[in-house]
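Got some structures for you, see below.
Look at the two complexes coming up: subunit A is in both, with subunit B in one and subunit C in the other.
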Partner chain A sequence: MKRHLTIEEFSRPSEQLARVDIEDLIPLPPPYDGYKEPEWTRLKDEKRASCECSLDDTVLLSLPKPKSLREERELADKFVAGLQKLFTKENNWTFLQPLVLSMEHCAKCQTCSDACHVFLESGGNDVYRPTYRAEILRRLYYRHVREGGLLSGLTHGRVGMTWTTVARLIELAYRCNLCRRCAQTCPIGVDNALIAREIRKLCSQELGIAPKELHEKGTMLQLSVGSTTGMNSLVVKDNMDFIDEDMSEKTGVKLQSKWDVEGADVLLIHNAGEILAWPENPGAFALILEAAGISWTLSSELAAYDGVNYGLFYDDAQFARIALLHAQAAKKLGVKKIVAGECGHEHKALMVIADRVLTGDLNIPRESSFVLLEEIVNSGKLKLDPSRNNFPVTLHDPCNVVRLMGIVEPQRRILRKIAPQFREMEPHGVDNYCCGGGSGFAIMSGNNFAEWRMKVSGRRKFRQILEAFRDEPDPAQPKYVCAPCSNCKGQIRDLFAHYGAKEKVGLHYGGLVELIVNAMTDVKPGFMDFDAG
Partner chain B sequence: MLYRFVYGALIVFLVVVIERVARLATLPVHLRWELYPVAHEENARYGGSFFEHLDWWKRKRNTSMLGELKVMVPEIVLLKAVHEHNRSLWYRSFPFHFGLYLMALFVALLVGGGVAQAFGVEIGASAPSIGLALHWATKVVGFAALGLMGLGALGLLVRRLTDPTLRAFSATADYFNLLVFIALAVVGLVASITSDVDFVELRRFTQSLATVHLDAPAPGGWVGAEIAMASAVLAYIPATHMSHFFTKWFMYHSVRWDDRVNTVGSPLEGRIVSQLGYKVDWSAAHIQGGNRKSWVDVATEKPEPKP
Partner chain C sequence: MASFTHGNITIEVDEDGFMAQPEKWNNEVALALASTEGVTALSEDHWKLVNYLRDYYTKFGVAPMIRKLCKETGFPLKTVYDLFPSGPAKGACKVAGLPKPTGCV
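For the complex of A and B:
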């Protein structure tokens, strides 16, 4: 019989609090029925000896173990200090009201658990319940913020305030994709995903603890060099030149990306990861905008050529700094609007979260590329031949764009026009499942974290994709997953590689603009080459 | 004594509700954190938002109060989300909540009946028209309320005790809360069946309460116990997570459906500008607020890479 985790044991030291047995993972549909995931790569003994690895089968943060009880106590006290700041209007006006509401009204009914892909695909492991980490913070809140004293244990439950609690809680905050599917199902309106984010924020803003992929190699790099890819403005321009050349050759359409055009209508901001990992995406954007006669530009200002804003996932200060740079670049160029490329979190960061950060002349209109692309496709300015896309296509809904912004139909209307074999995944739209790489996980692979992304957080998405193409079992028939988000594409790329899905099922993935360009009759046929790489 | 206790409980209830509402309503305006579908949007049926339109900031927004009502009414009355996402819980939760709604209606009928009585309206099984209607309505609603509330609370308690997951998450107060409602239902049913089957005593008591006749004799025995318990529960609810019966308004309207857009020169922008001036005390190396820097200072400075 499966053992249930209690809240109290979270604070008790043990070698490993929770384990996901490979046998517990929910079997995948054909052709992966019978497929058994490899066992977890065990963390090295030196790692276990030096770092806090006692949560589950993986580790992301690699927090060094404190050297003494005194240091443990100091860190725990610092966490409590941060917790108290989290509930002051000065330090956390940004999310105080939603946080307080979610802290004080959970009925612990567990309705949200069955909405969470991580919990479900882990075989129902208690540690991954959206309520589990939230309940721990809730108990700490009542004890240390509301100062409930001894009564707090009776009224709200107990959990020990130890370094073990803190170390595990920080790590556990990074087992949630922040997709907020759980919040959608809560009958009361409690948002346990927000609590995961607020734990991350507390740790970053007070203790200086955050995954290096988000902080040192993420926001800090972007703020100093200009991009999380490490590209400065010279390098990014060079790379775009290469892309222009390559696209021109491949499509037969002469292409020249535009930089720093003052007074352009549109400042297009890509996730710079596209430029390095999926260069055909920014290339396709440029080709479409040129063909449609749009007045557009890219910006070479610091951070403005990279729409990434990882602050969204863990830190309000870093978020605001990057959002400001994006807006300042647009202001400097005098553009009419900023258009977010195919990047989900860039959409949400720029258009929704930054909405109450940018004021005055920095509050420049911001729009989704999906909407602009639909306008272009409908305008008749592009000559499109849908038969060029006559292969099975399904659409992945990036959570940030769909559930969290309500941009649901424009991308679908485009696909219905240009992809004759378009079919939906189930569920889709605002009820979609996260790709499993959300909230920055797609760029995190240290230790054996990539295994966790494949076996647990990404498994639901892979299942959905297989189900969407169940009627097309022939691996020789290419099938395309349209994932108009860089982060999601990264996760889907890794999933397909993990499962050998290209060879075994004929699965391919990419963005939306690639499909549009592939259908353009002015472009040489075969822009999308399923036989290549 | 009983009159004073009931008035006291009512005052505690109102004070705690007002305090909580005031506390939540005066919190700073937060960053947008809406979740789709947003019920007042014109494309709420599939979860669409105003962002789906080209140049959305130039377009007049069409929002619908009716759309919100279409979501809120079934959600409040029928617990639609629990029905959809946690059916086995709904079979227990719905009777409990519906019993509470009926309980509120029961109290309203008692107060209404009491006031009517004070104006000379006769209420009873052999009374004419309004009096007869009030008699039967109070009786049916009262017994249904006590029965549903008690059964629902019992079902929830059994579930909380037998489901290992719920048990793991439950604090003493979670059991206590349900026990309180079960006890109230039992006391209420015993009081009604044994000594006040037509709720005559209760109505007379509410009449005295409503007309402030504190010298009228107060019921004793089971009925007195029922009144005292119900009053204590009323005072207790807003201090617990059960306050969601009114804080839910904030959860939906101030968070989930709060898609108000910040525009240049708007009052919303004014509040944001003021909050951007708050001093920051976060102490991580990349912030080092120390209550000296404002949010504007933090957002416009280049962070130090290392502590």
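For the complex of A and C:
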């Protein structure tokens, strides 16, 4: 059973601060009524002995336990120094103002908790309240940044500045998807997700602590090899050649992807994960752009064939380095604009946050592929037969594109034209729920973290999908979740596998361009093959 | 990093159970890793898949596209799952001693 957590006990060492009991999880709708989640895989004793695992039922960062009192103090001292830097204009030119406002203005009304899918689906576990994490940082802020004394301590409350506090707080910063549904609902605009993100930033930039999936195997790999997938430019070209060939065979339309075309109108940057894991997606993009007669190109420059920018999730410096490479590649080719493929965080990174980095001739226009695709569909250049998509379809709204950028309708207007059985999830649009893989969680599975993504953070999305298709219970009827974002697709794939949803409900998932190509009459029928894989 | 022992084989694995040092892979290691995937014996088909992955990785330093793997081994995806129940990335790549695939895959 869950119990009430105080802020004070966060700094006191214990074996495990919070637990999510399987009994506390909210039951799912049919056909999963009566389904019981398996118990948590307990972290191994050797793991618990060597790493900080005392927050909840899982662990992501595996921070080694300190070997001496000196090491203990060192972490706490570095954190305080980093915290002080975080609140200076010179060191936090990106997010200082909203961070300070969020520190100083929370009314603790808990409206945000009721908006948070992680808190709700955990059965209301205090540790996942958006305000719990924020309140710990707030107390540290008043004590160590504002240097408050006794009176401040009485007014704002205190929390011990110990190794346990820091270690748990870093870990807790990675129990938030950064979907910012809490910020949207807050009556006074406090952004608790930004607080989680800034804790991550402090830890990466000042303490050198970040998940290996985002840093070592993420931004560092992208900056050295060219892509978070590890593909260098030769491998990516070889793979795209293969996709061209495969697509030509499948569709009957001869396809040749464009590389490094100088002066093209559009530089298309995919999330490179699409090329490896969902090749129909870049293939369908190429087919649509060719059929519409768009002047377009891909770039084989370092990092410019991978729209990923994990810096968005944890580190401003890494963010800026990658954003610059994207813009420099576009400048070198002299393209008119960059178009972001079906990747949510690429959208927000390149189009919104990069505005703070890209100045002068690097400030090249950037556009969402949803917008370009709508123009193409409306132009009449593609011959489309919606009856080819005559199966139930719903749309997942990637948080970064929809809630956080307000790109809501273009993708819907396309679906209304090409998918006769399109239906919305509830809630949707800017009120959507995160897939549960947001902020990079979809690529994190170490230890038992994948279980947390299924049982807690992803449960609300799976519930929404089941509800959207409740009128179609027959598993023999294929149903399609259109999820135009690589990270969301990875999470939805894992959710469907976890629940056996393909077999039990007939659920399939994929992107937006695949549905468009499936409706194109110039293409051999059956582009979308629900029987395969 | 943890170590994993099966019979008289001991190897270093990461938190997802993938080999920490892919260069130390050999046929016995493959068998040991297969045991973690619920695969008790490696058939000719298992080896065909594993060897393809191994060769590709040695040549390109990255795992192949799943579609390419299917096309070039002649195994439909379903067969890959029959052979390695956790699938091509989490199952077959692990047994072939590749590091865990990275990026949004």
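Just so we're on the same page, the second predicted complex is superposed on the first by the 531 of 533 C-alpha atoms of A that agree within 3 Å, B and C clash if a C-alpha of one lies under 4 Å from a C-alpha of the other, contacts with A are read in each partner's own complex, and residues count from 1 in each chain.
Operating definition for what follows: contacts are C-beta pairs under 8 Å (C-beta built on N, C-alpha and C of every residue); 3 or more make two chains touch, one makes a residue touch a chain.
Computed from a predicted model, the values in this text were never measured in an experiment.
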In the superposed arrangement, does A:G189 touch subunit B (first), subunit C (second), both or neither?
first
Counting only touches as set out at the top, which of subunit B and subunit C does A:E367 meet: first, second, both, neither?
first
Give one of first, second, both or neither to describe whether A:K217 is in contact with subunit B, with subunit C, with both, or with none.
second
After superposition on the shared chain, which partner residues are touched by A:K89: those of subunit B (first), subunit C (second), both, or neither?
first
Which partner, subunit B or subunit C, touches the larger number of subunit A residues?
B
Would you check which partner chain A:V308 touches, where first means subunit B only, second means subunit C only, and both and neither mean what they say?
second
Now for A:A292: first (subunit B), second (subunit C), both, or neither, which partner does it touch?
neither
After lining up the shared chain so the two structures overlap, which partner does A:E46 touch, if you call subunit B first and subunit C second: first, second, both or neither?
second
Residues of subunit A that sit at the subunit B interface in one complex and at the subunit C interface in the other, please.
none
For the complex, which residues does subunit B have touching subunit A?
24, 27-38, 41, 43, 46-57, 75, 79, 81-82, 84-86, 89, 93, 164-166, 168-174, 240-241, 243-244, 247-248, 250-252, 254-256, 261-264, 268-269, 272-273, 275-276, 278-287, 289, 295, 298-303, 305, 307
Residue numbers on subunit A that touch subunit B, as the complex places them
4-7, 81-82, 85, 88-91, 93-98, 100-101, 104-111, 113-115, 126, 129, 131, 135, 153-157, 180, 183-191, 194, 204-208, 215-216, 220, 223-224, 316-318, 320-321, 324, 337, 351-353, 355-361, 363, 365, 367-368, 371-372, 374-375, 402-410, 429-430
Residue ranges of subunit C in contact with subunit A within the complex
2, 14-16, 60-63, 65-68, 71, 76-78, 89, 101-105
Subunit C-facing residues of subunit A, complex:
44, 46-47, 62, 213, 217-218, 221, 227-232, 235, 238-239, 242-243, 246, 271-277, 279, 306, 308, 343, 442-443, 445-447, 486-487, 490, 532-533
